[in-house]
Every structure is written in C-alpha cells, then in structure tokens.
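As structure tokens, here come the structures.
Two complexes follow with chain A in common, the first pairing it with chain B and the second with chain C.
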Partner chain A sequence: MSRAALLVLADGRFPAGGHAHSGGAEEAVKAGRVTGAASLEDFCRGRLNTSGLVAASLAAAAALGVDPAALDAAADARTPSPALRVAARRLGRQLMRAARATWPHPELDALARRFPKGAHQPVVLGLAARAAGLGPQDAAYCSAYEGISGPASATVRLLSLDPFDATGVLARLAPDVDRVALRAAEAAGRAVTEGVDALPAASAPLLELGAEAHAGWPVRLFAS
Partner chain B sequence: MHLDHSHDHGPAAVSADARRPDGSRRALRIGLGGPVGTGKTATVAALCRALRDELSLAVVTNDIYTREDAEFLLREAVLPPERITAVETGACPHTAIRDDISANLEAVEDLEDEVGPLDLILVESGGDNLTATFSKGLVDAQIFVIDVAGGDDIPRKGGPGVTTADLLVVNKTDLAPYVGSDLATMAADAKAQRAELPVVFQSLRSEEGVGPVAAWVREQYAAWTASA
Partner chain C sequence: MRADTAPRGRTGTVGGAGLRATARVEARADGRGGTALPVLDGEGPLALRRTRTRSGGPAARVTLVGAMSGPLGGDHLTVEATAHEGARLHIDSAAATLALPGQGGEAARYDVRISVAEGAELRWLPEQLISVRDSDLRLSTRVELAAGARLVLREEQVLGRAGEAPGRLSSRLTVCRAGSPLLDQELAFGPGAPGGWDGPAVLAGHRAVGQLVVVRPEYERSGPVAAPLGKWAVLTPLAGPAVLVTAVAPDALRVRRTLDAALRDLA
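Entry: the complex of A and B
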C-alpha cells in the first residue's frame, strides 16, 4: 500500500461533494449555538464523539471487508433523521464516483451496482480506503477528521470566522480524533466476528432535529 | 474517453464519457457562466423557448444560496418542471462547476434517466467572478455571459471566462447608450483577448433576441451528433 494514498483520500479537495455540506453547522449558527471559535470547538467535539464515532466505525468496518449492505442497513438504523439519510446517501454516491475513478476496484463496482442512488457515505469511504490499499484505522481517521473539518470550514464562510481560529480548533481536537479513530477501529474488529450490532450507536439528537429543520429552509448556503 | 465503457460495472464512473451505461449517446452539455446579473438565466430561458420544439432539452441551475434561478425558469414555464434541476453549491458555484463536479454530474445523469432521451442539457452557473469556468469533465462547451452595464473594460480585463469560453456573449447592448459603454471598444478588446473565438453582442429585447446564440448552440449540437 501507499501511505500517501491516505493523504489523497483525506484531502479536503478530494472531489466528492463535501464542499456543499456544513455537517449541521449552518443550523447551529442560525440557532445561535455556534457563535465563534469556542462554541465551534464544542460543536465539533460533540459531533466527533457521537455521529462521528458511528461514521468512523462504519468506515473502519467497511475497510475490513464487513458486508457493505449490512453496514448500510446499520447506518440507516443509526440515523433517525430522514434528511440526514438523504444527505449521507447523496454524499455516498458522489464519493463513489470519485473513488471509482481514482482507485478502480471490483468491490466498489459491486456496491455502486447494489446502490445506484448511493450507499451511506461512511460505508463508501471505508470501501474506498480498502480499494486504495488502506487499513481500518486509516478509514476511521479519514471519517472522523472530515466530520469536523467540514463544519469548521463551513463556519468560516457562515460567520466570517478567522480561518486561523478555525484551524486551531481542528488542531486542538486532534487528540480526540486519535481516540475516536482507535475506538472505531476496535469496534470494527469486533464487527467482523460479532456482526454489525457490535458497532457503536451513539447519537446527537440535536443534530438530527437540526437537520430536519434545516432541510425545510427556503434559503440556505449549504445542502445540509 | 472510454467509448467502449463496459455495461456490467454498474453506473458510469466518470461522465465525460460520450456514451451512457446503456450504450446510447448522452446529451450534449453546454455551460453558461458569468458575473451576477448579466442575464444568464434570461438567456437560458430564451434558449429554451427557441430550441424546445426542435431538441429534447433540460436545464441544471447552480444557485448560490436559493432556488431563485430554477424558480424563475419554472415560473416562466420555459420547460416542464421535471426538466429543471437545481444543484446546491455550498456558497461556491465555481467549486460545483469546476473543482468538484460530482453533484452536477449526478443532476445531468438523473435528468437523462428520468426524462430522457435528451439532446441538450444547459448547465447554468450561479453568478460568480471572471475566473469561473466549467470543468471539461462536466460540459462539452461553455458560454460566458457579460453585459455592457458591468463596464466596457471587462473584455480588456480578460480572465479565463472572457478569454477561453467557447462563446462570449456581451449582453444588454440596448443599455449601452445609457451606461456610457462603447460597444466598438468592447468588440476590439474581446477580439484581442480571444483571437478567433466567437463573440455575440446580444439584446434579448431586440427582434433578433437570442437568435445568434441559439444558432451557435445548433452548430455545437450538429458537431456533437456528427462526432459521437
């Protein structure tokens, strides 16, 4: 495997549609819960340890070769908000296109055939990592990090937040990302023998509720 | 291009391919970009009216933060609603049409699946700056729309849109006397920037209207059907 493949996959400029999504930050900004660097950090920490942990575990399990259809069903079960399911599948479809063009692999082709309108993004991400020759912990790192870098860059646009402050938030959360990636990879290892019920099911109700509200806005900058 | 794209690998991976997964020829895709307020949506609407009886058409809009452009086209009833799709761009239309085209590719593919077969898809960018151009992975040809009211020095300033677009449209020529824009200067500057690439001076309020741009689109379509 090439270690640098991880940098390609984790690059924020990897063309997989993420730029149009705020990871719930737009709704949190409008609701007054994110107003600056400190509250952005709280928001990202909460997201990382709940939906971020779940997404990273799904990605790690897919990278290990756990049945992607079972993982997709597990993702559905862990995503109560219909709007978030739609967003996750849309992003999964976009990532699938980029991944198949970048790291052609029969398992990606099979998943694209099974879910022509998109599987959940973390499942596609894990399989993309697998196609790139990366391991479960790499997939978990990618997923956990993009789960906070998305909201951080969206907040720079939404609040005209100082970009150095936003990047500082990401740096301060790096040890949390380490812990979440490790936990996710361990859970993925258990899922190989015990099935997908061994994966974490942490949730952030406010993110789910906020996503439903956001989907109904007539005017917004981000798709989710 | 992978013209022999295999059918048994599921949906196409990369959509510059001239053939759809079922082997049929996909629609010609023409992008329309340019600064805010220059008349991109009005030109799209006029093109739809001019071409809809001879070509099977659809439109993708890339609004910055609303569905305003898509709703204008729906209100004007230039096409049935199922032939108009709005893509959300996360405040960055130039990203969605150039750097990360996945959402737009999905929109064009879904239109072909749901209302196809299509001959032509117009992909309209949200208003952006003079550097915003479309990726070759998304469109086959692009039109850059500026207007006389934005200042007659825009062609001289150049930028990728003005210098490289397959067609430059200088719109709202009827306003030139009122805003002090010199059309001859604009034409000379555009010629200097673009050499042999075509330029159309357009007023949608004139009798000629969108005619010259529609004629250019017909030429592109004829070349596309001859080659693919």
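Entry: the complex of A and C
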C-alpha cells in the first residue's frame, strides 16, 4: 500500500467530523487559560503528552492488530469524563463511516458491528490505518498530530488568532509529536504481548474538569 | 547493612541502592458480623496498627504509622491489602507521606496493591503524598475488585511543601473490576516530567490534586450523574458502577475539603 495513504488519513479535510471538536480549547479559552499563541502552545503540549499520548498509543495498538474491544475498554478506563467518552464514540462512528468507504476492510466491518454506536475514535483510527496498509507509528503520528491541530485551528476561530501563529505553534511542537509517536508505538508493541495495561494512561485533570463544564453550556461553538 | 548505619533509624531489607520494605494486611469476616485481621505485618518504615473504628461498626480499621519520613530516593516500598469475602477493611495513615530525595539521585518506588473479594469492602483513605523538592517518586496503586466488591479510595498529591518547588512525581492508579479495566489514570508532574504538566490543559499552576474513587455494585442500576463540584472539581461516573471525583486546588487543604464533601454526599 501507499505511504501517501497517511496523508489522506491525516488530512484535515478527511470527512470524519473532527472540525466540530476543539479538544478542550473552547473551554480553556472561555476560562481565560488560553489567551494567545504562547498559552495555546502550552495547552497543546500538555494535551499531547497526556490524552494525546494515550490516544496515539491506542491507535498504534489497533494498527498492530491488538483486540479492538480490549482497546475500547482500555480507552473507557482512561477517560473518566462521560462527556469525553461520548465525544470519542461519536467521532469514532463518523470516522468509521469515512474509513469503510475509503479503505473497505473486514476488520472495520467487524468493529462497526460490535460497536454500532461507535468505538473510541483512536481505536477506529488505528484500525483505519491498518486497513489502509499503514503501520503503528503512522497511526500514532496521525493521532498525535490531530490531537493538537484540532485545538490549534479551533483557537484561530475562538480568539481570532493569526493562523500563521497557530501554525507556528504546531511547527514548534513537531519534536514533541515525534517523541509521543515513538513512545506510543513502543507501548503498542508491548501491549501485543503484555496486554492493554502496558499502554500509557497519562491524564490531564483540567481537560476532564473542562469537558464536563463545557458539556453543560447552553450555547457553544464546538461539540467538545 | 545500610539499614544499621542509615540515618533516622531506618530499618528494613536493603536491596540495591535503597531500602525495600513490604507491609501486608489481610482481613477476613470473623463469622460473628465483624472483621478479623489474620495478617498485619509491617516492615521498616511501614508500621501497621489496628485502630478503633470511628463508627464502632463491623469493619476493622488499620492505620499506617510512618515509623520515619520517606520514601527516599532508591527506596522501594510496597503495601499489600486484601479484603477477603465479606470482610470490611478501613485503612488510613497517621501522617502525610513525604517523598524525599536520596543521596544517589535515583527514583523511589511506592507500590500499593489492593484486592477486594466478593461482598467485601475496602476503604483506602491515606493522608496526602507530598513531593518534596529534588525528590523523584513513582507511585503505583493497583486495585483488583471482584464484581460484587466495594471500594472507597482517595489519593492526594501535593507539589512541594509550602512555598517549595515540587520534586518529580508520577502516580498511576489502576482499578480493575472482574478482570476488566475500570479506571486507569497517570499523573506526572515536576522537573523532568513531560512538557505542559503545569500548563492550561493539565494543572494550570495548581499545587494540589486529588482523586476519590467510589465503586458500588448498586451503581450498576442507578448511580450519581456527572456534576461539576464548584469550579475546580468534578464528579464523573465511570464506564462501570463507579464514580471518580477529581479536584485541583492551590493547596492540599482545599482539595481535602472538596473530597470530604463529595464523600459525605455519596454516603
């Protein structure tokens, strides 16, 4: 298969619904914790090293062929916020639809049957990468990058931040993305023999708090 | 042996660079509506005392008495607590645990292993863990629950003593129920921790963080719904019969107040 499949999967225009989610940025902006490029970078770095690492590891493990149902349960245990679990399943379902149309594969069909309301998005992403002939590190890169590009582009809209500044943030985080993708792929390799407990469980208290606060807002620009 | 020469009367088994010590407690239903403690073994800095329960009920209460401050860098401490079928075991501690730097700069390990059988209840309510400047501690708490087990577990991490920069602390809390993961969370703070830990997504300058986990089989039918508890804490139902309360605050006292209030409301 083609390596360029990674570009298709990682493209922000891949029709998987991610643009409707801010990855916690909307709440952080409203609460005054993200006010510009510098705090956006700090937000994205923290997110990348916590929930981003977890998501990338789940995606890499799914790409390696670890049982997706076990990964989905591991994702639930690593996501205490019900609002974030709902968002992850909704995104998983939308990605599943796009992935099955793009790279038809019996393992995608089986996962869709098993989780009709949607599996956690990183698990679907990893399996989509597998269906596209990509490897675990590709899946980890894709997951890690979209985990920061989402909040960055959301912040452009929320704060009218200069898009050049937001892109600069993403470029400065590139070495962190490399490290996270590497760690995720290594952990996924261990999960093959040791089970899903070997996957990271890094958590971010303020993302959990913020997600529940955000879910209670009567009016919001982003779904999460 | 280093245990004989180490400062502050350190005793225990010396293995590698630091001290190794394991404390074990096992609780069994005594057949008369109470709970017996067939195993209550402390070691070195981990001393265990059977103490009077506050309510005088059917539970056995055990207090972890710090025979010294610690762990120091290089130490490896383990606490193993088991509540057998139908037993009720309440564990607390007499004082906060201080993670302290060692001489060689190595990390310390603190492992807590909890097992709760069918129809049993375990409460793990220790005092705070304070990460002292230049210390490096890896705390791992692993709980295995039977499907009908009950759990109340509190963990609080404090980043440095008053006005002090924190050491490095990573703390993983894993709760499995009937063999499946129910909660798996890792917090990593301090110098050398992955970047962004003090930023707007993770702690945003707060110096104390706490978790309260409550697992009750009856939550399978109906349990509390998600609710913010003020601005800096939230109650979240997990994907199973359990809730997690997460709190952050500028100091340990405020985290404790929030978790205490949440525990009262859940009772």
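The working rule: the second predicted complex is superposed on the first by the 224 of 224 C-alpha atoms of A that agree within 3 Å, B and C clash if a C-alpha of one lies under 4 Å from a C-alpha of the other, contacts with A are read in each partner's own complex, and residues count from 1 in each chain.
Rule of thumb we're sticking to: a residue touches a chain if its C-beta (ideal position, glycine included) is under 8 Å from a C-beta of that chain, and two chains touch if they have at least 3 such contacts.
Because the structure is a prediction, the values reported are computed rather than measured.
Quick check on the superposed pair: does A:Pro116 touch chain B, chain C, both, or neither? Answer first, second, both or neither.
Touch status of A:Pro116: first partner only.
One more residue to check, A:Ala202. First (chain B), second (chain C), both or neither?
second
Applying the document's definition of touch, where does A:Asp67 land relative to chain B and chain C: first, second, both, or neither?
neither
Between chain B and chain C, which makes contact with more of the residues in chain A?
Here the partner covering more residues of chain A is C.
Once the shared chain is lined up, is A:Arg85 touching chain B (first), chain C (second), both, or neither of them?
The answer is second: A:Arg85 touches chain C but not chain B.
By the touch definition at the top of the document, which applies to A:Gly46: first (chain B), second (chain C), both, or neither?
A:Gly46: touches chain C, not chain B.
Between chain B and chain C, whom does A:Pro104 touch in the aligned arrangement: first, second, both, or neither?
So A:Pro104 only meets chain B here.
Once the two structures are superposed, pull the chain A residues common to the chain B and chain C interfaces.
Touching chain B and chain C on chain A: no residues.
Can you tell me which positions in chain B touch chain A when the two form their complex?
Checking each residue of chain B against chain A gives 9-11, 13-15, 64-67, 88-92, 95-96, 99-103, 105-106.
Considering only the defined contacts, which chain A positions touch chain B in the complex?
The touching residues are 13, 15-22, 90, 93-94, 97-98, 100-101, 104, 109-110, 112-113, 116, 154, 157, 218-223.
Can you list the chain C residues touching chain A in their complex?
172, 174-175, 180-188, 194-197, 199-204, 209, 226-228, 232-234, 236-239, 244, 246, 248
Sort out for me which residues of chain A touch chain C in the complex.
On the chain A side, the touching residues are 24, 28, 33-34, 39, 42-50, 53, 73-74, 76-83, 85, 176, 196-197, 200-209, 212-213, 215-216.
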